[in-house]
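Two complexes, one shared chain (chain A), two partners (chain B, chain C).
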Partner chain A sequence: MPLTNEEIDEIRKILGREPTVEELAMFEAQWSEHCSYKSSRILLKLLPTDGKHVLVGPGKDAPAVKIFRDYAIVFKIESHNHPSAVDPYDGAATGVGGIVRDILSLGAKPIALLDMLYMGDPRDPHANWLIRGIVKGISDYGNRIGIPTVAGDTWFDSSFNTQPLVNVACVGVANIDDLVLGAPKPGDLIIIAGNATGRDGILGSSFASKPLSEDRDKDIGAVQVGDPLTEKLLIDALQFLVSKKLVRYIKDLGGGGLTTAISETAADHGLGAVVHLEKLHTREKLSPLELLVSESQERMLIVVDPSNSRTVEEILKRFDLQYSIIGYFTDDGIIRVYFNGNKVAEVPAKELARPRPIRRASTPPQDALKGLKPIFVLPPEPKYEEAILKLLASPNIASKRWIYQQYDHEVGIRTVVKPGYGDAAVLRLLDGSRRGVAVKGDANPRYTSLDPFNGAANSVGECFRNLVAVGSKPIAIVDELNAGNPEKPEQFWYFEMMLKGVAWMAEELRLPVVGGKVSFYNEDHMGRQVKPTTTIVGVGRVDDISKAMTVEFKEHGSAIAIIGVTYPELGGSEYLYRLFGIEEGEIPRPRPVSEIRNARLIQKAIRLGLVNAVHDIGVGGLIASLAEMAIMGRLGFSIDVANIYARGVQRIDELLFSETQARYVVEVRGDRVDEFTKLARSMNVRFSIIGRVVDSNRIVITSNSKTVVEIDLDRVADVYNNSLEVELEGEA
Partner chain B sequence: MSTHLIEVIITNKKGVRDPEGETIHKHLILRRGYSMVSRVRTGKYLLLEVNAENAEEAVKIVKELCEKLRIYNPVVHDIELRVHA
Partner chain C sequence: MPRVAILKFPGTNCDEDVHHVLRNVIGIESSIVWYKDFVLKDWDAIIIPGGFSYGDWLRAGAIAARTNAVEELGNARSSGVPVLGICNGFQILVEAGLLPGALLLNESSKFVCRWVRTRVENPKGPWLSLVSDGQTLDMPIAHAEGRYYIDNESYSVLVKTSPIIRYLPGFNLNGSLYDIAGIATEDGMILGLMPHPERASEDFLAPRGFKTGGRIIFESIAHSLKRGW
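Right, the complex of A and B next:
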């Protein structure tokens, strides 16, 4: 997005003269939405960011939370939506590279990747090509740098056919004492290590800050190709430097390139800098302007005390990593840039790094009424067998095997609970103890497009439940708000409401939002925004990984219980959409108080060993959760829906498919049912025992003893396991 | 109708990096002393046997299928089509 006339006037005022072309390029890169958060900064202040676990909040490349007395988790989310729309393979791959470098900046060891992908209809040829490229790009890059992709979230919707949302997150661990939390000092050297700078992604951030142009060939300058080998060298070299306490500060060169890395580092610490551009190692001959804003990947800024520079250089050489010492920090707050002795830019760091925030106009569009409409008349009740199979065949519910089998999810032997088996991934800390960490990412684009406030709150709730279901204690979250064009009030409104929904729910659940990212301009060529989407990634503490809970049924004869009240909440459900094409209505309410109360019961029941399996209820409702538990455990079940604790429900489909929040299905051990019942009562939690796990291959659902449906588990499993592959690859 | 052999060579565009080629160049070729080699680019090669009236038509068919089936990404890649001698 080129600078506006008002912005150019403001730059003249800041400098007191006409800017040079280099200065203009620096301002254009840094004042882009992507780098400066100018449209979102005022609203982002609503998020709760503090808490007793928070070591580093928002503002740095990545936040850090204290997960155990001696261990920190560094985690962050990032979007690579626009690059992935143009070049899905490299766009998604470089997204992984970027988020890993953010984790490195605090000195942590990256241990896991998550990918949250919101993509088009698999049967649309263009969307299908994007899906394949994105999944392959993530898997190739992640596998090559040796970091497992352990969890994620996927959604398919035709609004993402040309503009997918590619959100990736990385989780790192560090000893609290080893975190790099220092500040650069005047005189400290600026080292750029990693790839040689080329003409890649010139003004790429400014490219991400505008809608995709019709003629995609014009966007060629913004295409970047990932280089996992160099990334791996960076990971290893930085960890070594950090372990020797040789670096003062580290920052990724991401969007905005050198300009952003230097101006933000300087501005954050009240410093200035002197930079000699000709010293930067390059791949080709570049102009000073290009050197300043190139977004070549796999580069990092390392700040080193001059007395350590020789040792650092030796180590970088030993790791076969290219580097250059391009300048030093000063105490005067001015960034001075030279090229072959000529001064090409002289700008105050603070004014460059932080443009004036803008409070954008925000108006609900007519379309927003869809989310307010109660579902007062339902389509005729379906045949339940057919309905259940159709629902499980939905790419939004069916097994994501096709995706996660391409990922190496076991490199590093940390993974305790693997993709598909638990509501969240559980990873070992690998310090010889039984301690671990749970991670999960969640979103529901349909909810947030119908009701952005409650939909975003539900993403927080879902993430919270997923972390609880594996037996962890949720510690903190990061958020990624994927929105439309902030200059259009009717699109900005969705962003504002999503943000307020996250802020409200996170505060109610006492989950600090320690970091995040905003992605605007997610619209197609026609200027229609894709479904606005709030992605939440959370981390939880696992005290004993041997007690980590999975979803599959374990033994026949055990009891099946639902925790929480079921309401007739079918608005925005997968059921109404998949069976009747209805995409409207009041979405399920966020229920923070019930979430906390019910989570406490789950945590306690797991600790006491009363339960064999726990699964949260989400998309697809009760039946989707039950089917997954049965399929993964290869055990049938029998339930009577009349036993479900529900309110205001009139039909069986409301019981089976409602997506009411704050609910879990649990498999209670056959010999501990009384204890479980007593515990739930004493904790004042609504629950109902609805049936049992059986020693046969049948799924039997009755209502007041009258059969509603009876299906072979094998049939259900076949549909669940293979539907996504059929959608993507076509019928065999 | 006759059979034509059509070669397809897909490489990253000139301005787009090729980390694989760079790695082969730097970590293998230069390291073993072949300093006269100044650049390496990698790519993908396909050989298609096509039944068509003539070679031009075969090339046309292959070009179309490469585009339609997204065998290459026009934003990132150059494509070269040749009639195999």
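Right, the complex of A and C next:
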């Protein structure tokens, strides 16, 4: 977004003179929505960010939470929506690179990547091209840097056909004492290490702060191109430098390039800086303006005490990394930029780094009424066999193995619960103990588009449940709010409501929101906003990885129980959409009190070894969870829906497909059913035992002993396992 | 105490994993050695771990195969030092001509990460000394360029003389000729394989239905270095 006239006036006031072209470019980069959060900053204060586990909250390159007495988790989320719409391969790949560098900036070791991808209809040719490019970009980049991609979330919806949402998250671990939390001091040297600066991603953050132009070729120069080999060398070298305590401060050169990295570092610590641009190593001859705002990837700012500079230089050389020492920090709060001895910019760091926030107007649009409409008349009950198979074939439910098998999810040998096996990924710390961390990312674009407040709250709830289901204790979350154009009040309203939904639910579940990102201007070329989407990534503490829980049935004759009450909540469900094309109605209510109570039971049952498998109930309802448990375990089951603890339910499809929150399916060990029942009662949790796991290769559902449906497990497995591939690649 | 070198190039990313298994699971001494510092005579065995040396530029393994470090490995044969190449390490050994054949882009043209089941034929040499003929080993693969190719004539020699690791039916996911997952020199001194034994050496990491088939390869080298093979 180019600067507005008012902003240029403000810059004149700050400088007391006409700005130079270089200064204008610096302000444009830094005051872009992407870098400055100017439209969102006032509202972001609503998020609960404190908690006893929080070591570093929002504001730094990445937050840190204390997961064990001696270990910290550093994790963060980022979006690369706009670049991925123009150049899906490089756009998605560089998103991975950027988020990893944020984790490195605190001195942590990156151990896991997550990708939350909200993409178009696989059968739409353009969307199909985008999907393949995005997945391949992540695969080629993530695999090369040796960080496993262990979890994520995927959704397909035609509103994302031309503007996908590519949200990536990285999780790192560090000994608490080894976190790089120092501050740069006046006189410290500014080293830029990594890739040579080139003419790519010029003003990329500014490009991400406006709608895409109709002629996409015009935007291509704003997309960065990734170099995973240099990224890997940066990871190795920085880890070495940090272990030797040779660096004072680290920052990624991301959106806004050199300008943002230097101005934010200076402003955050009350410093100024002197920068000599001609010293920067470059790929080609660049003007001072280009040097200031290029967003070439794989570059990091390393702040070093001058007495350590020779050692640091030797280490960088040894790792085959290019670098240049371009200047130093000062104590006067002014950033002075020179090019071949000529001063090209002189600006106060604080004013550059923090533009005045903007209060945006917000009005609910007519469309929002869709989410307020209760569904009075349901379509006639379907044939259940057909309905179940259709639902499992939905790309939003079917196995995502076409995607995750393209990612190396095992490198690092930490991945204990792997993609497809659990509601969240579980990684061990690999410190000789049995301690570990659970990670997961979640969103439901349909929910947030129908009801942004409750939809966003449900994203928090879903993530919470997924972390609980694998046997972890949820510790903290980060959020990514993908919204439309903040200048349009009817689109800004969605952002505001989503943010409030996250704030409310996080507070209720006592999950601090330690960091996050806002992505605006997610509109298609017609100016329609794509489905506004709240992505939540959470981390949980695992005390003993040998007890980490997976979803697959394990034992013939064990009991199947549902934890939580089922309500007739089909509004916004995958069932209504996939079978009847209905995309409206009140979405399931967030139920924080039940979430907490039911989660405690799950955690306790896992700890006591009463259960073999746990799966949360989410998109697709009870039947989707049961089918996954059976398919992964290669064991059939038989249930009677009349046994389901429900309220207000009148039809079988409501029991099978309702997406009521705060529920889980558990496989209770055949010899521990009494104990489990007693425990659940004593904890005042609503539950019902609805059937048994049967080594029969069949799925049998009855209602008051009358058969509702009976299907061959192999058929169900075939549909579940292969539908996404068929959608993407056509019939074999 | 014998010492194993884990040779690291720019872009190698399984070095720490192999190091962990050797040190904490098997209990033999090993070091990660940066390719610039590598001197053959310092070591009793050498492992080239997986990753993307030099970003897979040109072809997987092609550039690392032309470094001084790998040229020195050519001398390992005559000096009797066992060499193991895992994944990208296998690609490097093939590129360097230390093992026959070639590793091409997977038939699907996609990267694939999945657990597979393999079988060892004609095991011999230090890396397979504890493995029995026909033993099945479960390990995960994770690669985009793992489709083994070899001409008929060379294969007919190889199959008579050398240890071969093959994917069992249903597990040849990359389209390798003759289902080949790994091969060794006639004496078994140099072994290369696409699956990752270091990811299959601890019970925690094997998904349901699979066993830790990789550990026996590291146990073999530990055993061989102490007692011979």
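Just so it is clear, the second predicted complex is superposed on the first by the 732 of 732 C-alpha atoms of A that agree within 3 Å, B and C clash if a C-alpha of one lies under 4 Å from a C-alpha of the other, contacts with A are read in each partner's own complex, and residues count from 1 in each chain.
To be clear about the criterion, a residue touches a chain if its C-beta (ideal position, glycine included) is under 8 Å from a C-beta of that chain, and two chains touch if they have at least 3 such contacts.
This one's a predicted model, so the numbers in the text were calculated from it and none came from an experiment.
**Q** Using the overlay on chain A, decide if chain B and chain C clash or can fit next to each other.
**A** Once chain A is superposed (C-alpha atoms), there is room for both chain B and chain C without a clash.
**Q** Regarding the shared-chain residue A:Gln406, is it in contact with chain B (first), chain C (second), both, or neither?
**A** In the superposition, A:Gln406 contacts chain C only.
**Q** After the superposition on A, what does A:Val225 contact: first (chain B), second (chain C), both or neither?
**A** First partner only, chain B.
**Q** Counting only touches as set out at the top, which of chain B and chain C does A:Trp129 meet: first, second, both, neither?
**A** first
**Q** Just chain B (first), just chain C (second), both, or neither: which does A:Ile545 touch?
**A** second
**Q** Now for A:Asp200: first (chain B), second (chain C), both, or neither, which partner does it touch?
**A** The answer is first: A:Asp200 touches chain B but not chain C.
**Q** Considering only touches as defined above, state whether A:Val416 meets chain B (first), chain C (second), both or neither.
**A** second
**Q** Which partner chains sit in contact with A:Asp87 here, chain B, chain C, both or neither? Use first/second/both/neither.
**A** In the superposition, A:Asp87 touches chain B alone.
**Q** Identify the partner contact of A:Ser139: answer first if only chain B is touched, second if only chain C is, both if each is, neither if none is.
**A** Touch status of A:Ser139: second partner only.
**Q** Look at the residues of chain A and decide whether chain B or chain C touches more of them.
**A** C
**Q** Take the Cα centre of chain A as the vertex and report the angle out to the centres of chain B and chain C, nearest 10 degrees.
**A** Once the two structures are overlaid, it is 60 degrees.
**Q** Between chain B and chain C, what minimal C-alpha to C-alpha distance in angstrom results from the superposition?
**A** 5
**Q** In the superposed arrangement, what residues of chain A touch both chain B and chain C?
**A** 227-229
**Q** Which of the residues in chain A come into contact with chain B in the complex?
**A** Checking each residue of chain A against chain B gives 86-90, 125, 129, 133, 198-200, 216-217, 219-221, 223-230, 283, 296.
**Q** Show me the residue ranges of chain C that touch chain A in the complex, using the header's touch definition.
**A** It comes out as residues 10-11, 13-14, 16-17, 20-21, 24, 34, 36, 50-52, 54-57, 110-114, 140, 142, 144, 196, 198-199, 202, 204-205, 207-208.
**Q** Applying the document's contact rule, which stretches of chain A touch chain C when the two form their complex?
**A** By the definition above, chain A touches chain C via 136, 139-140, 143-146, 227-229, 232-233, 318-320, 404-413, 415-416, 418, 421, 428, 430, 432, 545-546, 550, 552, 554, 633.
**Q** Give every residue of chain B touching chain A within the complex, in rising order.
**A** For chain B paired with chain A, touching residues are 12-13, 15-19, 22-23, 70, 73-76.
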